[in-house]
Amino acid sequence: MKSSTIWFSVAGLSVAIILPFFLSQYWLHVMIISLFYVMMASSWNLLAGYTGQVSFAHAAFAGVGAYTSGMLSVFLGVSPWLGILIGIISAALLGLGLGVLCIRMGGIYLSLTTLGFSEIIRIIITNEDNWTRGTMGLQTPGLFVEYSKTGYYFIFLAVAVAIGVVIYKLIHSEWGLTMRAVLNDEIAASASGINTINVRLLAFTFTSAIAGLAGGLYGHYLMLVTPDIPSLGQMFLVLAMAVIGGMGSFAGPIVGSFVLEILSEYIREWGEYHVLIFGLIALAMARFAPEGLMGLWINKRKGHGHTN
Amino acid sequence: MGILIEGTQITKSFGGVTAVNGVDFHVLQGEIVGLIGPNGAGKTTLFNLITGLFSPDTGEITFAGKTLKGLKPFEICRLGIARTFQIVRPFLKMTCLENVLIGLIGKEGQTSRPQAKIRKARNIMQITGLAHLETRMAKDITLIEKKRLEVARALATGPKLILLDEVMAGLNLSEIQQASELIKKIRNDFNVTILWIEHVMGAIMKTSDRVIVMDQGKKIMEGKPDAVVADQRVIEAYLGQSDA
Amino acid sequence: MYLTNGIVIGIIYAISALGVTLIVGIMKVVNFAHGELYVFAGYFSYYMSVSLGLSPLVAMPLSVFLVFLIGLLMEKALIRPTYGDDMYSLIVTFILSIVLQNLALLIFGPYPNKPPNLIFGATNLFGLFYYGNQRLLSFFISLAILLFIFYLIKMTWFGKSIRAVSQDREMASRIGIDHYRINMLSFGLGAALAAAAGVILSPIFPVTPSGSAAISLTAFVVVVLGGMGSLKGCLVGGLILGIIENLGAAYISTMYRGIFGFILLILVLVFRPWGLYGQKT
Amino acid sequence: MKKFLSLFVFLMVLTIGSSCWAQGTVKIGVVGPRTGPAAATGQAFEEGIALAIDHINAAGGVLGKKLEIVFEDTGGVPEKAAAAFERLATKEKVPVVVGESHSSSALAEIELANRYKLPLIICEAWHDDITAKGYKWVFRAGPANSGVVDFYIAPFVKDMGFKKVAIVRENSDWGAGIAERTEFDLKKMNIPFTTLKIERDSKDFYTELTKLKAEKPDIILAYIYGTGLHFFIAQANEIGLSPRALVLDGAGPPSLWDSFWKNVGKAGDLELFMSSMHEKVHLTNTSRKFWDAYNKKYGKNPTDYKSRSIYNVILIAADAINRAKSTDAEKVVAALEKSNLEVTTGVVKFGLKSGSYEYHQWMPPMLVVQWQDKNQVVVYPKKAATGPLKKAK
């Protein structure tokens, strides 16, 4: 690890730990939501930015995690902690199944199938309202007996940091190298003895599990699980955060999550315009700066001399 | 010397075009075999069939006594067949060292201790003359270097047979000389059998033990280099092409 | 009755999906903004005929033409730079779909609108049941457009160049076909087909900005079902989906109408991943 | 990076500044859908809010200060509704929240109201549980499903002599709740019925309608909110089911939206809908005042009655704060429980007996209105009727 990276992490973490003692309840709430998006966008980036699989089911897997855990705790009285664990497993298994179905057919099929899958999840959730309470939303118990925003903040922070560390380790390992090779050139990778389908499947399953985890936590924080969690609108936000922050870089989606979530608090007054604004920014980024804010920043630090 | 790879009656069509038509071939252990023929003769398609990128419509390929039928490219590679591509395909957004590491990962699988692999990769880069490019991005090196990088990556997979597809295109005379040396070195030092496609006639005639000639999907001739150049059918195939 | 509605809706699905399959077949790009183009066309046709007082017969082709231009613009500004990078084209068109959807919300408001019917009332079909005249009319217009596109692709020079480009871009450019222009035109044509579906169907199913996702999704199911890039597959896929949805809704569950298509999609992926008429590679 | 930071600081200053600037007012929070499929409700709310602000500030404001309304968007979905309420509670720190027109959103909000001990007055979310849960902080000055069915829809079906009822309901809290209550009442009255669940944003109802037609109902209780209702009516007419079977829109506003006639065409004639407003029915002076003020401000008659509902609850909230002489939550609740205020739909008095939906509930009188040649005719209850019910020949 580069020393600058370590310094950044240490400084960021210290700020994060003392933050709740300065922030109002409201901004603490914004921070918790941002941390949820950090988990989502980082894991989606691992999938799309490192293996080139544009999945539109990431929010759906978060929904699987949230509903599994929510329904278990509401109907069977299972502890939310155990529920979240089962949620992670369900998301991973569904991810594996879906991956087996469509990954061998290549990128476009994966995107279309995952899009279809999120729609299936949405339809099932809205229709099985005896169990999921449909669009009405399922009210779930919290993680603590006594509601505490600071408590939730630290849980979210700990999980987000843990996920971050795992992802960081992964992309700097031989697995990460393999993923990049698959992204760079699938045919060349497989001609070099890499089982490209396995690499993709592994990434898809792993990131689905993370989405399940993030969704489970999110549901128990809001204490309300609705079809909004697995919606395409949510999916767009995650995607926009990764694209704006910078796909294919570790820090990109983290930066993107905070920037967009905090920005959205400021432009909330513009109501329906704010999704449009995110969309336009994301579109401009994808078109003119595909490496996102991180790419722009790194290029700036390198100076303008470096062109090819 | 036993037979390392053997194909019988290999045929492959795309739509209405038969790219490879009933080809028999074999390569012996430790041989250097040249594969020549005019453009569109089906040479690269044959490579793609061997490495599992396509599967033949009819016919079967066996490698070291095992059939390759139904195997995926990565499985074929792990059996010991490595290749380079006519239109180069290095991993552009990775460093040259990382490119070679992928070959080693393909052979040995992912481990958590990459040090040993890095040592091996450096060694291979030394041999292929790429040592100075270790940290350069593959997209930033010259075409010739990219071709060498592909050879290095192929070598890293620890092959028994290596398929080289026009690695000498665009080289000048002394570079061709170097490349020929490298090919011999690969065979002698690494004990790797070589099947290669080349248009640089001088090099292929001088370096190959045996030459196979293809035209319009069919094998029209095979034999010692000097016998091949003297053959009427081979001359016609090439002349026919220049007429067109 | 269920079967008839299935066939009519099936043809309607086929025409909605035609634009997607054309673009996928030629450019290997999935246009996620397909449904939005449909919605835009529906609104254009509404505003032209209601606010500007144009005859629907003028408003409809004019809207299609307008969306055709939008399609050309989209291709040039956003899709062309992504050639060869599947991932970015997916991301870009997905973002574009969200942008257009919200833009539609902004410009047209959240209220559904429908251009005036060309024809009112209902006809008693085969003496068995009543069926809306506008639906029947749309059915025949869709059928006509389908046939026209088949003709265009199979018989004309434009169609031949399109097929050449889709099979081998390099080869096509070697024999003097400007594949940039062909791509641009075919993207425009795809957009125009989305628009055609939009103007034909909006009198029956009024358009809303939020309805676009469902339109795209149905189109994608049809395209995967029929096989990517296959026109015949598109027609057959649309019919199958329309019939299965309606029979399923009638005899199994109306609530799960939307899901039958996806179950079909998954079955296709398991047993025949290249679709009914797609090319196996 | 520097630029980004300075932008950040600038925005920070902007928000802090704006909250200081609002010191001299009393804020009341409003929740409702400004975006999403029911954004029309948000517009009706905006109109009602503007009129309520005018009215209250002209009458001396709240606690001697000007009234200010903070309207947070719920998008019509519970998750956003919860976030909106969260903002009102923790960021805007309003003493009371009013509004809402989606049961699902309201059910999410009451949990937060309970957690933050923040009084909430619901106006147009009908689900029984909103008040039946017995939360001390939650009030409703508007219809409850059971009330609407028990006092209006079921008696209407019975009194008008309908023989066979079809219930078509969307899959939402409101749809489920109101359908269940209707089934319960019809069973008690021995009127045969059949129920069909449909998806809320569906556009093609041919299959459902064909199924229904076989049942030969003479009235269809359509519990569908939004433009889905329009397609339903148009298609029911196309396949020849209505107007032989009359359609009753159990919510009301969708039958009054501008797009209604455009979408349904002639099929809209003889359609029935629930309402709490009619130009000829004025139950109180406030009702007339509202009607005139609306006409003056917007140059037209009010259509969506939800503009009046939100107006009412703002009046109720302001009145309670004034009587409590404080924005303290406990005191406001105590004052609300003693409410005795004339609003547009009557005199508000909240029920105090807990254990049912009538706790903290006040229900305004409703009307069943029929479109007859594009005129709204009140057909039920009889004492308010402006004309007879017309059935198809």
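Per-chain numbering from 1; labels A, B, C and D assigned in written order.
We adopt the following convention: contacts are C-beta pairs under 8 Å (C-beta built on N, C-alpha and C of every residue); 3 or more make two chains touch, one makes a residue touch a chain.
Every value quoted in this text rests on a predicted model; they were computed, and no experiment measured them.
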item	value
For subunit B and subunit D, chains touching each	A
Middle chain, criterion being Cα centroid separation	A
Label of the chain whose CA centroid is most distant from the centroid of subunit B	D
Cα-centroid distance, subunit B relative to subunit C, in whole angstrom	45
Centre-of-Cα separation between subunit D and subunit A, whole angstrom	36
Whole-Å gap between the CA centroids of subunit A and subunit C	31
Touching two or more other chains - residue numbers and ranges from subunit C	105, 255, 258
Residues of subunit B touching at least two other chains	none
Two or more partner chains touched - positions in subunit D	35, 171, 199
Arrangement of touching chains [line / ring / star / complete / other]	other
Set of all touching chain pairs, with the criterion as stated earlier	A-B, A-C, A-D, C-D
Touching residues (chain side subunit A, partner subunit B) in the complex	173-175, 177-178, 180-181, 184-185, 187-196, 308
Residue numbers on subunit B that touch subunit A, as the complex places them	51, 53, 72-74, 77-78, 82-83, 85, 89-94, 98, 101-103, 105-107, 110-112, 114, 117, 139-140, 153-154, 156-157
Parts of subunit D lying in touch with subunit A, wherever the complex brings them together	1, 8, 11, 14-15, 34-35, 73, 77-80, 82, 86-87, 90-91, 103-104, 107-108, 111, 115, 171-173, 176, 199-200
Subunit D-touching residues of subunit A, taken from the complex the two chains share	24-26, 29, 126-127, 129, 133-137, 139, 147, 222-224, 226-229, 262, 266, 271-272, 297
Residues of subunit D defined as touching subunit C within the complex	35-37, 39-40, 171, 196-199, 201-204, 206-208, 210-211, 227, 230-231, 235, 238-240, 257-259, 262-263, 265-266
